[in-house]
Structures are given as C-alpha cells and as structure tokens.
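Two complexes are shown next, each including chain A; its partner changes from chain B in the first to chain C in the second.
This part shows the complex of A and B:
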C-alpha cells in the first residue's frame, strides 16, 4: 500500500523523466527517417529529399541476404541449444537443493556478467590452442553459451511460481514421470520458455562483440553492419538495414513481454 | 494449464494403468533415485559451460603467461611473467587509466540520468503508464547495439541533426567552445571523447534504470510520509531516506555500466579519438599485432577490477537488488 497514491509528481521530476525517455527513444526514431533520405554521401540533416528506392537496392544485394541467412541460422540453432541447456539447469536448480547450487547459478550468469570481449577472446584462444578452424559451429558455440542465461532466468522464475503439489497430484493419479512432464510441467512452463527463446533469439541475432572473435571471415548481420560503419560502401543501404534490424528485434521483445506480463518477473528485465 | 474436456468421462479410469516397458522402468528409476535424475539434468549444461566457457577462460589465462618472440612474431609457449611486465609500460597504463576514468564517469552520469526515470516509474506511474514506462526502458535495452551506435553517428556528425539544431537556436558557439577544449574536444563531436561518453551513457542507461527502479519500488511509502511528518523538507527526505535505500540499486546498475564500459571496443572505435581503450587494445593486440599473450594479459585487468568491484558491491548489499 503506497501512501503517495493519487498524488501527482513534482513538475521537475516529470520533466526530467520525460527528457530521459526522449533521450532513449529519439535516436532510434531518427534511423527511420534516414532510411528514406536521398542523400548518399553524408549524414546531412534535414534530408534533402525522401525516396523509397534504397529498399529496392537493398533487396537486390546478395551480401545482405547472405548475412541475414547466416544470422537467422545461427540464432535459431543457438536458441534451440540454449532452450535445452537452460531449461535443464533451471529445473535442477529450482526443484532440489544440492551442494554447489549457488556455484551453478553463478556459472550460468558468468558469460553475460563478464564483458563480451573476455568471452570472445577466451573462445578464440581456446580455438587456437585446440586448432579448431572457424566455422558456422564456432559462432554457434559462443552464442549458445551466453544465450543459456536468458532462458535460465525466465524458466527459473516460472518454476518458482509453479507449485510442486501439482506434480505430486499428477503422480498420485498414476502418471509416470514422462506423462507428468508432458501434461503438467510443460504446459506450465511453455510460455516462459517461449519468452526466453524469443529473447535468446534477439540476443543472438544482435550479438557482435563475441562474434567478431569466433566468426573468422563469415559475416552475420551485425558484423556486416560493423564493417559498413568502419568502411562505408553504400550508406543508404546501411540505413535501410539498420531500420530492418530495429523492426526485427522489436517484435520478439514485444511478444516476450506479452507472454510474461502477468508474472512476478517479466521477461527481458535482465540482458 | 489446459484440461482435456473432450475426453469421454465414462471410459476414463481414475487411475491410469502403468505404462510398463522401457519407459515405465526409466520413470520408476527416476522416481526411486531422484539424485540420478538431478545428475542427468545438470550434466549437459554443466558440461557445456564448464568445457566451452570455463575451459576457454583458462585457455585465455594460460596464454597470458606465454610470451611473444619480438623478432619472429611467434608465440613462445613457456611460462613467463614477461607479458605482464609489458603490460605495465607507461603507454598501456595510460590506456587502463583512460578506460577506468571513462567507466567511472559513464557510471556517474547514467545514475544521474536514470534516477528521475526510475523514480517516476516506481512511485508515480500506474496501470497503463507503468507498462508504458517499462516498455519504454525495455525496447531501447533490447534494440540492436550497433544500430544505436549508428544512430549516434548520424546525430553527432558535423553535418548532422545536433549541429543543425544548435544553429537554429543560435547556440553553435557553445559547441565550438566545447570542441576547442583540450581533452574532451576535437574536430567534431563524433571524433571526441565527449561523443564517446554520450554514446556510452546512452547505450548502458537502461541497465541502470531497471535495478534502481526495482530498489525504489521496495521502499515503503509510509517511510517517506513519516519523514515529512517529522518535519523533513523534500530535499532532506531524499538525502536521508530515499537515496540511502536506493543506493543498492544504483550500485547494482553500476556493475553493468562499469563492466560494460571496461570491455567495450566498438563504441570508442566508431565514435571517438584514435587514443585506445582497453577493449581496443585487446582487439588490436590479438588481431593486427598477433600478440595474443599481451591481449590475454590485458583482459585480466577488467577481470581483476570487476572482481574487486563485485566484492565491494556485495558488501553494500547490491546483489539483493539485482
């Protein structure tokens, strides 16, 4: 029960909060304007004219499609791996108390708590020590490692809310372990897993720091963008790709929020 | 949970027969030996993280004790502390000091910008507005990192929207005066430390807002009321009641802003000067210079700093606010 309910905020606070939110959102909105600019060489504002021709140009660029396809495949497989590993870990940690339980939570969180460059260079030096050549799978290896934590966080929160007596009831009614999992546990955690999977997909789709160390010569969408930021070839195409990336990451986040909005822990509050 | 309502009630027995066979035996085994099930559940994730991640970290640590032969450029795989000696050269210490200073300033600025948003969202926003605030922080948090940096490249460019806006307001002289300052200035904002600083604050800000908001939501409203009943001014209430209670949240947020700034190499590379940060030093040492031992030694610096930072944060109770 809050005593300040119904009171309105001081004007200064309102202005500061509004300015903060604008600061967070205006730069992203700007991307949408630049995708339509006719200017090719500079970042001049205001745009001298508006056009949709760059969408067609981008559509016909094979390098963009290749990067997109690689990113989607990496994100899909990393998400699948993270779903399995994260759910297993969450089930074990939340169902039973055992020695080393805290250590396991720490182990899962570590890849995302340490700066990405450490994860990246650690993987790279391990690949070089073990003479593993860069491939599709070296990217997946890195991505799955830091995606586990997102699935884990969502699943642990849901397991905590699911009461153990339901599982006991199912067993009492004669269901075996697999039936209980299929008909009782899975329907309960399904939306949390879906939300975790969405977030893991978005995380992997956007990852650049670890990927630069594990990709070799391959280009995911973020690596393609980084390349364009450092050595621009055709700026309008970069603008269009940036806009598409914003839209592609927006949808899974909104959906994950929608799936878990009633819970005590809403998906995505930790990245 | 869905209940199968189409199932004919009359024929369904209250207790199903055991499924028997391999599956039943396995299920019974797990029931009798829950430890076995636990082990089987933990094995895949622990093996994965243990081998892939912890293994890699040890490989990295091991590399930092190797050295590079300066003439042939080959890695000499023998234990030595020479690489750590190289790390302590003045140029490298400069890089470390610059990065830590930037991380501290970014953390401070994020806390100042984040506080009003978190405070409003925690104490005044209700219902629809609350959800709006939540999404308003979440969407920038999850938006593409590179797109956010790119947006700032557009904003800070010499011909960009910021210069245009200041020109309209006849305030261009402020920008020019700022850019002519020695350390923070430069040719344009997109090639200055000021630009790097703004982008760091922008990109990590949501990581600060969320824990501060969580901490503020846990402050009972009657504490604030009691404080004003006892005659404190709003400023005194903030200083003596709210701020101390929000501090663990700020420290929790600062773990992210500090750690992420320490390790980032893309932001200063795209928006910034040619003077290096730790992340860039690591990247160039392992890439163009091919000196993996020195790069590995460099990464030990943020690990050690973050180790101390986490130790201090834990003592302040920041982990409860995460």
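This part shows the complex of A and C:
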C-alpha cells in the first residue's frame, strides 16, 4: 500500500479519507456523549447539561442486569458449544479426505452467509414444528449456528498450516490419541481457538435478528435496547448500556486480531 | 536368530494402486538397511508399515518376532526420523527431545537429563532452550534424531532424513549416522532415493520399483551384479546392453550391464573393440563422463580427469575387460 513512501497523499484524498472515517465513527461518539446528557426524554443537540447520574441509575435497574446476565450466559454457552463442534468439524475436514468433504465445508459456513432473518425464521418454524418451547436454550441454539462458523474458520486455517506429520511424530514417540491432542494438537491450535471463541462471543453478544425469532419472553441486551427506544423513559440509560456493549464486544475482537496475527508466525516457524 | 523386521508377502493397496505388492523382507538385528528406489516405488510405504502408520492389506509383519498387525504406532518399540523432521514448534528443543519420555510418565528431572545426553550424542549440547524455529536445517535434523533415540528404540526408521540438507552437510551426516549406528548397535532402516547414499551407508540395500523389491544385497552386489535392467540403470546408471550385443562377447543371449568406469576409450582403428562416436564430454571434477554412440546404442563411460580425449564428434574405439561384462538374470 505504501508505493510512494516519500510523498504525502494529495490533500483531496486526505479530506475524503477523513470524511469517510468521521462518517463511520461520529455516530458512535454521539451515543457516548448522550450517555452524559441531562435531558432524559429525547436526544437534543447540543446536550443541555452533562451529568454522570445515568451510570448510577443504570446500576440500580434490575432489568439491565437481567438482560446483561442473559446475554453473557447465552454468549458463553454458545461459544463453548461452537468451540467443541467447530474444532471437531475443522479437524475432520482438514485431516482426512472423504466423499462430500467440500459440501460439508460449504454447509458449515452457510449460516453466516445466509441473512439472519432466514436463519431466524427457519429455526422458529423448526422449533414450533418439534413443539420445543422458546427458552434460554433455543436462543443458545440459534446463536450456536453462526458461532460454529467463526470457530470453524479459525480452526481450519490453523490446521492447514500445521504439519500433519507432527501428529504422526507424537504417536510415534509413544503418545496415544488423547495425549497427542493434549500435548501437540491443542497447544498448536490454542490461539486460533481463543481468537475464534472471542469473535463468536462478540457476535453472539450483539445479535438481534436470530434472537428475536428464537427468544420467548427473555430479553438479551440488544433486544432490551430496542424495547427501551420505544419507551422514552430514562433514555440515557440505553446509551450507558451501549457503551458497555461496545466495550464488551470490541475488546475481544481486538484481542482476537492480535492473537491470530502472532499465531501466523508461530504456526509457520516449525516448517 | 529372530529378524529385527520381517515382512511375509506384505501388500498395501490404496484402491487400485499397489503401493507395496507382496514384499518379502528380513532385516537382521543391528543392521543398517537401506530401502532405495525412485519416488512412488513403495519404499516409504514400507517404512510406514513398520512404524504402524499404515496397516498391510495382506501378509504379515513382525518386529523382533512379535506380530505387528493392529498394533498402533505408540505401542511399537520403533521410532521414526521424519523427512520434514516434524519437530513440535510450541516446545523448546529439550522438551521436544524429552517428549517420548514425558508421555511415558518419566519425571521432569530424569527426562531432561536423558534429553541432554541425547543432545550431546548428536553433538548439540546446550541447545535445549532454543525453539525449533531458531535452528538451521542440519540442527533440526539432529534434534529429530535425538528425539527418536532418547526412547531407545529397537529399530530406528529414517525417512529420507538427509534430503533437505546441502551437499557438504549431507556428507557429514552420512558419516555421523553410520558411526552412530555402529556405536549404538540399533537396527537402522533408511529410506532414500539417492543411490550414492544407500551404497555408502548401508550394510544391505533393497532396491524398490513399482511396489516390489527388485533386488536385495550388499552394496557391492547391487552395484557390481545387478539382476535386472532396472537395478543396473537406477543404481549408478550402468550401461544396459541388449541381448544381441551381449551375445557377441559372452556367447549368451542375455541382457547385460557394463559399468561406465569399465569402458576404456581409445583412438579409432587401434585394434579390437567396439567402434563408436564420442557425442559429448561432461567434466565432473575428479572424473569426466563421456556420452558415446556405438552404432545406435547409447553408452556412457567415466574416465579419470586428465585423460587425453579425442574431440567431440570423433570416432573412437571402446574396449573393456570381458570379466566386467555382467549378465543379468532378467530373461531376454
């Protein structure tokens, strides 16, 4: 990208880039500002006054805590499920050649390519067809469909880069299947799994569409926020929660990005 | 005496591909045994059958008298040095070498001591703290060797271990492997496609082609007395002579072989011999390799450097000692 290292870019290009970045990030900044506004019924610019009282109000709202706790539990369990299923699937697809391998690979990735609304409707009709009442577990299942993809993609990429003879070497040196997994496979894919798991967690945490179709009366954080926008009461509370959501989802993604970046170098060095 | 490794009519087929086809093989304890052949000849599959990564489609394998079918790799007293070394990138050199002892439950102090000793054996003392990624190709190869030897295997399998090394390093390692094998007395089974390597290191060589063993014998046997055209050609690129040609000199209508260094090249019309034309000369340092054309029959000769040679394209007279003309078993 740095073809003309010495020269700086033309002014027009700089302005265009700045405008693009502002367009992307200014609205997010606005949300943060409104978390400190003194006006609670509607968002007016500029804020009539600044206060930190909404943090205390949010802290004392039980519905916020319920939504947060549900979201964290759903994200944690879907991620755990995805870690197991995604890794197993990735191992099968990258280690062995079998009939229909490419098809399975495509089918696993499909849920993330499909619009969420399709996945949502499909799951909802499947649940009602099977007479499964909507519950915590139906949300988890819905989220697991796309969490698996994220873990799978990360794991498959790492498996492809690790030398297959390493597993044979481990067996050759006297390690059975379980010992080989624990001492050789797991350490080599650990960072990829951690990265995939964090991405999956972040995806699950802010998911709206599939959740609306698979949740009963429960509210995850994003659903709670949608409801709050309709009822204008203590509006800045939503903004405080929004800040928390940004932190909870952004940090894992950043961390995952750094993990996989370093992981590339580690995985390649053994060859 | 029980063989270290014994194959009885062992086959390994992958679908319609006969990677190994009815191979009989006996490797003596303490022997340095080479499996030589072009790629795809089945030599590596044979090695993997001994290691336990492959199971025979038919036939039986025994290692020191024990039947090996169905025994997984981790229960065989056999260790492998892999072609790509297969070191564990997440472990340092010492833990790589100690891995086999670690999974057997040997305590940390004891296994690290044994690993240090193994590293000294391959002349890498003090390298324990490094990562495999920080080592050169030759050093990684030594670590892979130490990692296999620390388990005190009864048979050590080496899958083209020198293939990735440069010439000088390869020659050094050949000598080291040979003396290591003598010192330890372990049976070495060595897979290679380099005939020079097989001949210089092994006690006996098995020449593979198309999943079958063409000939088993001492390096001298294989080199001087090839049984088939394939062996003659593959091992040291002997001149393969057609039956009609051989009949003129030996009276027998059989395929024959003549080593390039057995041919003497003289001036044309200097008495008896095979009339030929010198096509080209290749300077190889200690020797010069000549391509010759004897009335359509392509021959090679190797003469010592410094020999006065006719110009390329000139007519020459070839002579050879009839004892050096070897008749092959293969039917004409």
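The criterion applied here is as follows: the second predicted complex is superposed on the first by the 244 of 271 C-alpha atoms of A that agree within 3 Å, B and C clash if a C-alpha of one lies under 4 Å from a C-alpha of the other, contacts with A are read in each partner's own complex, and residues count from 1 in each chain.
As a convention for this text, a residue touches a chain if its C-beta (ideal position, glycine included) is under 8 Å from a C-beta of that chain, and two chains touch if they have at least 3 such contacts.
Just so you know, these numbers come straight off a predicted model, no measurement behind them.
Engineer: Now for A:144: first (chain B), second (chain C), both, or neither, which partner does it touch?
Structural biologist: The first partner, chain B, only.
Engineer: Comparing chain B against chain C, which has contacts with more of the residues in chain A?
Structural biologist: Chain A has more residues touched by B than by the other partner.
Engineer: Tell me which partner A:168 touches in the superposition: chain B (first), chain C (second), both or neither.
Structural biologist: Touch partner of A:168: chain C, not chain B.
Engineer: Given the touch rule stated above, what does A:251 touch, chain B (first), chain C (second), both, or neither?
Structural biologist: neither
Engineer: After the superposition on A, what does A:34 contact: first (chain B), second (chain C), both or neither?
Structural biologist: Once the two structures are laid over each other on A, A:34 reaches chain B alone.
Engineer: Just checking: does A:176 make contact with chain B only, chain C only, both, or neither of them? Give me first, second, both or neither.
Structural biologist: Both: A:176 reaches chain B and chain C.
Engineer: Who does A:187 touch here: chain B (first), chain C (second), both, or neither?
Structural biologist: both
Engineer: Just which bits of chain A does chain B share with chain C as contact spots?
Structural biologist: Shared contact residues on chain A: 171, 173-176, 179, 184, 187-188, 266, 269-271.
Engineer: So in the complex, the part of chain A that touches chain C is made up of which residues?
Structural biologist: 163, 165-166, 168-176, 179, 183-184, 187-188, 266-267, 269-271
Engineer: For the complex, which residues does chain B have touching chain A?
Structural biologist: 1-2, 14-19, 23-24, 26-28, 30-31, 34, 37-38, 41-42, 44-46, 48-50, 52-57, 59-60, 62-63, 113-114, 116-117, 119-121, 123-124, 126, 131, 133-155, 157, 159-161, 163-164, 202, 205-207, 210, 221-222, 224-225, 234, 255, 259-260, 262-266, 269-270, 279, 282-283, 286, 292, 295-296, 299, 302-303, 306, 322
Engineer: State the interface residues of chain A toward chain B in the complex, per the touch definition above.
Structural biologist: Touch list, chain A to chain B: 1-5, 7-10, 13-14, 16-17, 20-21, 23-25, 27-28, 30-31, 34, 42-46, 84-86, 88-89, 91-92, 95-96, 98, 104, 107-108, 110-111, 113-119, 121-126, 128-129, 141, 144-145, 148, 171, 173-179, 184, 187-188, 199, 202, 206, 208-209, 212-213, 222, 225-226, 229-230, 238, 242, 245-246, 249-250, 253-254, 257, 261, 266, 268-271.
Engineer: Using the touch definition up top, name the residues of chain C that touch chain A in the complex.
Structural biologist: These residues of chain C touch chain A: 51-53, 72-74, 78-80, 82-84, 86-91, 99-100, 102-104, 131-133, 147-148, 151.
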